[in-house]
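This is the structure I want to talk about, given as structure tokens.
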Amino acid sequence: MLAPSAEPVLTIRDLRLGFGTRRHQTEVLHGISLHVRAGEKVALVGESGSGKSVTARLAMGLLQESPRTHAIGSIRFDGIEAISGGREIARRRGNRVAMIFQDPTSALNPTFRIRGQFRDVLRSGDRSIRDDEADRRAEAALAEVSIPDPKRALDSYAFQLSGGMNQRVMIAMALANRPALLMADEPGTALDVTVQAQTLGLMHELTERRGTAVLLISHNLGVVREFADRVYVIYRGRMVEHGTTAQLFRDPRHPYTRALLAAIPKISGGGLPDLPERSPDFDQPMVVHEGCGEPAERRS
Amino acid sequence: MRLRARALASAFVLASPLWLAVPSFAERVLRLDESPIGEIDPAKATDYADTVLMSNIYDTLVYPKAGGPGVEPLLATEWTTDGNSYTFKLKDGVKFHSGNPLTADDVVFSLNRMIAMGQGFSSLFAGRVEKAEAIDPLTVKFTLTEPYAPFLAALVRLPVVDAKTVMANKADGKHGEFGDYGEAWMSSHDAGSGAYKVESQNPQSETVMVKFPDYFLGFAENAPDKVRYRYGLEAPTVRALMSRGEHDIADLWLPPEVIRSLAAEKGIKLDTEAGGSTGEYIKLNTARAPLDDVHCRLALTYAFDYGTTLKILTINGERAQGIPMKGPLPSGLLGYDKDLPDYKQDMDKAKEELAKCKYDPKTSPIDIAWIAEVPARERIALLMQAQFSKLGFPVKVIKTPWALVSEQVTKPETAPHAVEIAVAAVTPDPDSLLYNMYSSKVPPTWMSAEHLKDAKVDELLEAGRTETDQGKRETIYKELNKTLRDLAPAINAYEFTGVYVARDAVAIPKLEDKSKQTLDNFNLVFREMSITE
Amino acid sequence: MNWTSIGKRLGAALVVMIGISMLIFAIARVMPGDPARIALGPNATAEQVAALRAERHLDAPLPVQYFEFLKALSRGDLGKSLYTNRPVTTDIAQFLPATLELCIVSAIVMVLLGLPIGILSAHFRGRMPDHLGRLVALIAVCTPAFVWGVILQLFFGYFWPIFPIEGQLMQSTPVPPHVTGFLLIDTLVAGNGAAFLDALYHLVLPATALAMSGLGQCARLTRSNMIEVYDKPYVEMERAYGFRPFRIATRYAFRPAFIPTLTILGLEFAAMLGNAFLVEKVFGWPGLSRYGVEVIIRKDLDAIVGTVLIIAAAFLIMNILVDILVGVVNPRIRLAAGRG
Amino acid sequence: MSEPGSPVVARRGGSRAVAAFVGNPLSVLGLAIVVVIVLLAVFADFVTPFPDHVGPIGDFAAMSAPPASPYMLGTDAMGRDLFTRIVYGYRLSLIMAVVVLAIATPVGVIVGLVAGYKGGWTDYILMRITDVFLAVPPLVLAMAIMGFLEPTLMNGMLAITAMWWPWYARLVYNVTRAEAQEGYVLAAETVGASTLHILFREILPNCWPSILTKMTLDVGFVILMASSLSFLGLGVQPPTPDLGSMVAEGAKYMPDGWWLSLWPALAILLVVLGFNLVGDGLREAFEAEN
């Protein structure tokens, strides 16, 4: 675990998000805050629909373009403010921040070979990169994720490769530009359990080696426990508990977290946990574990 | 509107892309149009466009006489007849476009070809000419099966083709040693001796002709070097091309409104072709109830609104596309009787005649066909519908394409009760008009949509054919004219007087000099025209 | 798409062609009126009519007539047109290129304008350019081709006369020697750049009028397919990896959206062959469609049968070409075929 | 329109569809256009200023008069009020569309149902026949048929119907093929329901939304097709007012008589647009319902 004193790469403060027209909005995030420090691995845990994926996408500036989303609060990433999206955050996508998806096969364009997509990924890091240089780097990146025949993989379409291979390709793409932060949105949930475990291991190893910070979004506490240094628990658009992985698993304090933990299936992975019914207890105020406060606001 | 159109026309010149500003070299091009299609094979030619093509690409022994009825020499220098046979002396030194000299053998070949192919105007000769023979290279003799006065006039419909060229281009066909008589080849090439030769032929869009410099009669000083005869242009297209100065002579079928607005533009003039040989007839089916009763027919002739019809055809104070008729014979043919009264609408007389008719109008529906190709006639058809309905007839108007009308009218059962058809004398002789329309001997065609069977009419028609004395013939045709007026097999609506819209820069002597004007359709002689810029 | 499946498609097309020939032949023969009489013209005698009836087997029962027709067809003989007095095949050979040229240029206009409108609409979904694009597309779809022809002529031929309103070339432009019959190609072969531009200039209004309905349909389809694709995970991935929105719109989202669009574009091209009838009439275009109208009005049997068969064949060939093209564009089909 | 908070309304069937339809201003605009045109057509005798101009002749003193009082849209070459004739043209167009669809839809539906459900040779033969009709551009087929028949209203409708039913056959065929494998159909088969029952009671109801949407759109497209035919001179005969022939006739007087063809042309655009907007709205509404 890195020293908690390292600078945060991502700081979200009091983020609120409404969907809908200007007059008729439904609020889905009710003022959440979180931060990820350089090289740190943070997990954001919650049921589907709790707002965890939306938070990650907002942080990357992916949702703000739509006239039907209205975000307020603050999202600071890599020294810029990204709450209203825009060019600055867009420029950082793919190189300063990257994302890994639930189903790698459907996240790759079925009508283009991997090669072309990989070139464009590399181009988001270096606009002037030549094709042969890009291909060389792509091959190296694929070799790094233990793909046996990188040239052949580059010349394949996603539907010609296995899910595990595609996941490796995704990881290679995600890390190709050496991002400061990697968003992993339920990585590999669509794959079978052993492949999922393998690729998670691979991701862990590579990010560790490069000091890449990770924000892991998951409903799977087993995975979180293996992977993360620190955990946020989110419930219906509100943070309910925040602590180090050790603190949280040893001493879950919020009723919702306790319910989640109680529902962990005995074998790691394996589908959705059997979650409890909604309970008024879950609306209790947020619990923050010792030494886990949000960093002080700093004008820069 | 007019002002704006002109301003816009000049705007067009400015807006016209540079690459189109091709400098025009000294070539004089004459551009005119007609409805499709343009047939250049003399054995198939029948229509308006075809006639113009024939007059310019080919030559005939005789040509319709300028300034009056009858014919004048063209390829023939002189002729003799004994009533039963005709002998022609040919002009020496006439050359075909191929360079071959034109001889009596070519004349014989042309006649045989036309009769053998059995299309076009072959009916003018088939069965009437017993034989044609070349007496010597410049003398040709026709022997008829019986005395036939209109034969000489019919020769304006026998273009002479170059036998050697045709035979050199024959394909396999049903005419024995003559193969297909060059039918396939002749649909896109010419074998003529006329002042212009065909450069390219597309029957649906245009025939391009160029001057034949060796033509035996020579050319006007500024005669066109090239002629583009285009087919099937829509009225607004012609109108736009004319006002942009991109067209020289418009076809005859523009609606009066369009002619009127064109006439008001600068650099555009109107010329009337009043050859007096085309009648616009509302042909009444005399073999079908209720019009098999002469009184019902007479009722319709009185109910017809002649005044409004002429008003519809009027272009301006001095020009109209029609003039009143006094009987079935138009004004330019032998037998026309200027002393007969004009037709006039008279509803009282119409009702009087209707009372004498054995049919009850209420239960006697009347079908009026309107030939789709001529839009101006819609108005007249609709006008008739309105007037005849006033007499109590249930009236239906059906827009029918010409091809279908020409087929329907051949049977009394299917022929409409009334259909407006323009019939032109195809030769400068009244026989070519009236015999085909009213003789009960002729198999039914579109010309005889009336299906008239009348002994007295038949008798007069035969007399007119066999009589060779012009004075006696005139008396016969005058009587025939009067008889037909009383029998009312058709409403003689008006005499067609075509109005050409032309650019000022183009002089058309045959139209502009009354003494040179000849039979309708034979006036567009390109070599006599001049284009001055 | 491999040879076997192309062969299968051709086989099916042949079955359909035979069906069409039977259908059109039957319709043509049951119509009222005597084709021989119409053929020979008003001045023919009864004997001539009877002779022609015998020559063309018009008195034989329908199946025999059909058999004779097929026999002639196998020799490449479609009979004789009464309208032009020439063999129907000669007419088709002369008039078809002008129609195909018009349709192909229209198809290009349709794609070049329809796709961008659809892409822009989808890209700006729910915003002003989208509303505008949808409205334009809808109006384009709802207006018959002849109305476009008349309106374009009125506005750009008369009120603001910047385009020619009829024909294929200016009268002063020399017609290039006949090589392919396609003026755009023949002018280039003749090395006459000015004539090429003139031919292109004359195509502007008719091709636009003809393209409109397909253009609208193309824009609508592209839009809806693009919107569907925009919701796919791979587009989100591409955005998350910083691909330029323009590049996503024109490349990554476009290609998958274009595959279903392409299938329909084939149909739209076929519809153009039909609508060409209207446009050629308005613009005096000397093509097969105008010929078709004339022969239909004149009940010119052989010519009608020939024209309809050729247009149906063009339609079927077009559809097969589109299938092949879809196979080329869609790697799934291409690779599957390669393996099979 | 249903209020979000009123459960009574919300529970009633189709309310979500109604809300989706009414919520789209374009659909409402389309409906307004359609309603106005239908009302005009139905009450043509009362709303047109010169109802007798529907006949052969009008005012010979005002032939081809430009738009001005009392002829607000101008007159045609026979001196007839264009507005009057356009309204009667609408009446004719709507009658044609309704009759064509009333024949084409059942024919197509039955062919599609039978072919889709029976399969085998029935399927093959019926669908190849359908293909034959679909393989000729619709306008060309209708023209060819019209060319052989007398140009009357009845024949015009016949020609258009002949080329219209295959589209319904195709549509219903595809739905039937999918539905025939569904559990409820198999269930009905096992309890021994008759084929007729299965076709019309079990499968057909599932096709209705698509059929209805298509029919609405097609009212516009039948009018478009009919006007195209009459533009080519293969439609209804004068003096019956017909929008397509009005454009064709008027086009002969361009550009001086621009009103002669421009108004009828816009009239066609308006009616087709109206039915298209309603059809699109219906489709979205049915989608919202599911």
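A few points about this structure:
Chains: A, B, C and D, in written order; residue numbering restarts at 1 for each.
To be clear about the criterion, a residue touches a chain if its C-beta (ideal position, glycine included) is under 8 Å from a C-beta of that chain, and two chains touch if they have at least 3 such contacts.
Source: prediction; values computed, not measured.
Both chain A and chain B are touched by C.
For chain B, the chain with the farthest CA centroid is A.
If each chain is reduced to the average of its C-alpha atoms, the one that sits nearest the average of all protein C-alpha atoms is C. Rounded to whole angstrom, the centroid-to-centroid distance between chain B and chain C, based on C-alpha atoms, equals 38 Å. We define each chain's centre as the mean of its Cα atoms; on that basis chain C and chain D are separated by 24 Å.
Averaged C-alpha coordinates put the centre of chain A at 52 Å from the centre of chain C. Between the CA-based centres of chain B and chain D the separation comes to 45 Å, rounded to the whole angstrom. Looking at chain D, one finds that residues 150, 233, 251, 254-255 touch two or more other chains.
With touch defined as above, residues shared between interfaces to two or more other chains in chain B number as follows: 5, 234, 236, 240, 372, 401.
The residues of chain C that reach two or more other chains are 153, 157-159, 281-282, 297, 299, listed in rising order. Chain pairs that touch one another are A-C, B-C, B-D, C-D. Contact residues of chain B toward chain C in the complex are 4-5, 8-9, 11-12, 15, 17, 19-20, 22, 24, 29, 31, 36-37, 39, 41, 44, 46, 118-119, 121-123, 126, 184, 187, 200, 202-205, 228, 232-234, 236-237, 240-241, 244, 246, 372, 401-404, 406-408, 410, 443, 445-447. The part of chain D that touches chain C in the complex is made up of residues 128-129, 131-133, 135-141, 143-150, 220, 224, 227-228, 231-234, 244, 247-248, 251, 254-255, 258, 261-262, 265, 268-269, 272-273, 276-277, 280. Remark: chain D residues 55-57, 60, 63-64, 77-78, 150-151, 233, 237-239, 249, 251-257 touch chain B in the complex.
Against chain D, in their complex, chain C makes its touches with residues 12, 15-17, 19-20, 23-24, 27-28, 30-32, 138-139, 141-147, 150-151, 153-154, 157-159, 270-271, 273-275, 277-278, 281-282, 292-293, 296-297, 299, 304, 308, 311-312, 315-316. Across the complex, chain C meets chain B through its residues 33-34, 37-38, 40-46, 48, 82-87, 94-95, 153, 157-162, 165-166, 170-173, 175, 193-194, 197-198, 201, 281-282, 284, 286, 290-291, 294, 297-300.
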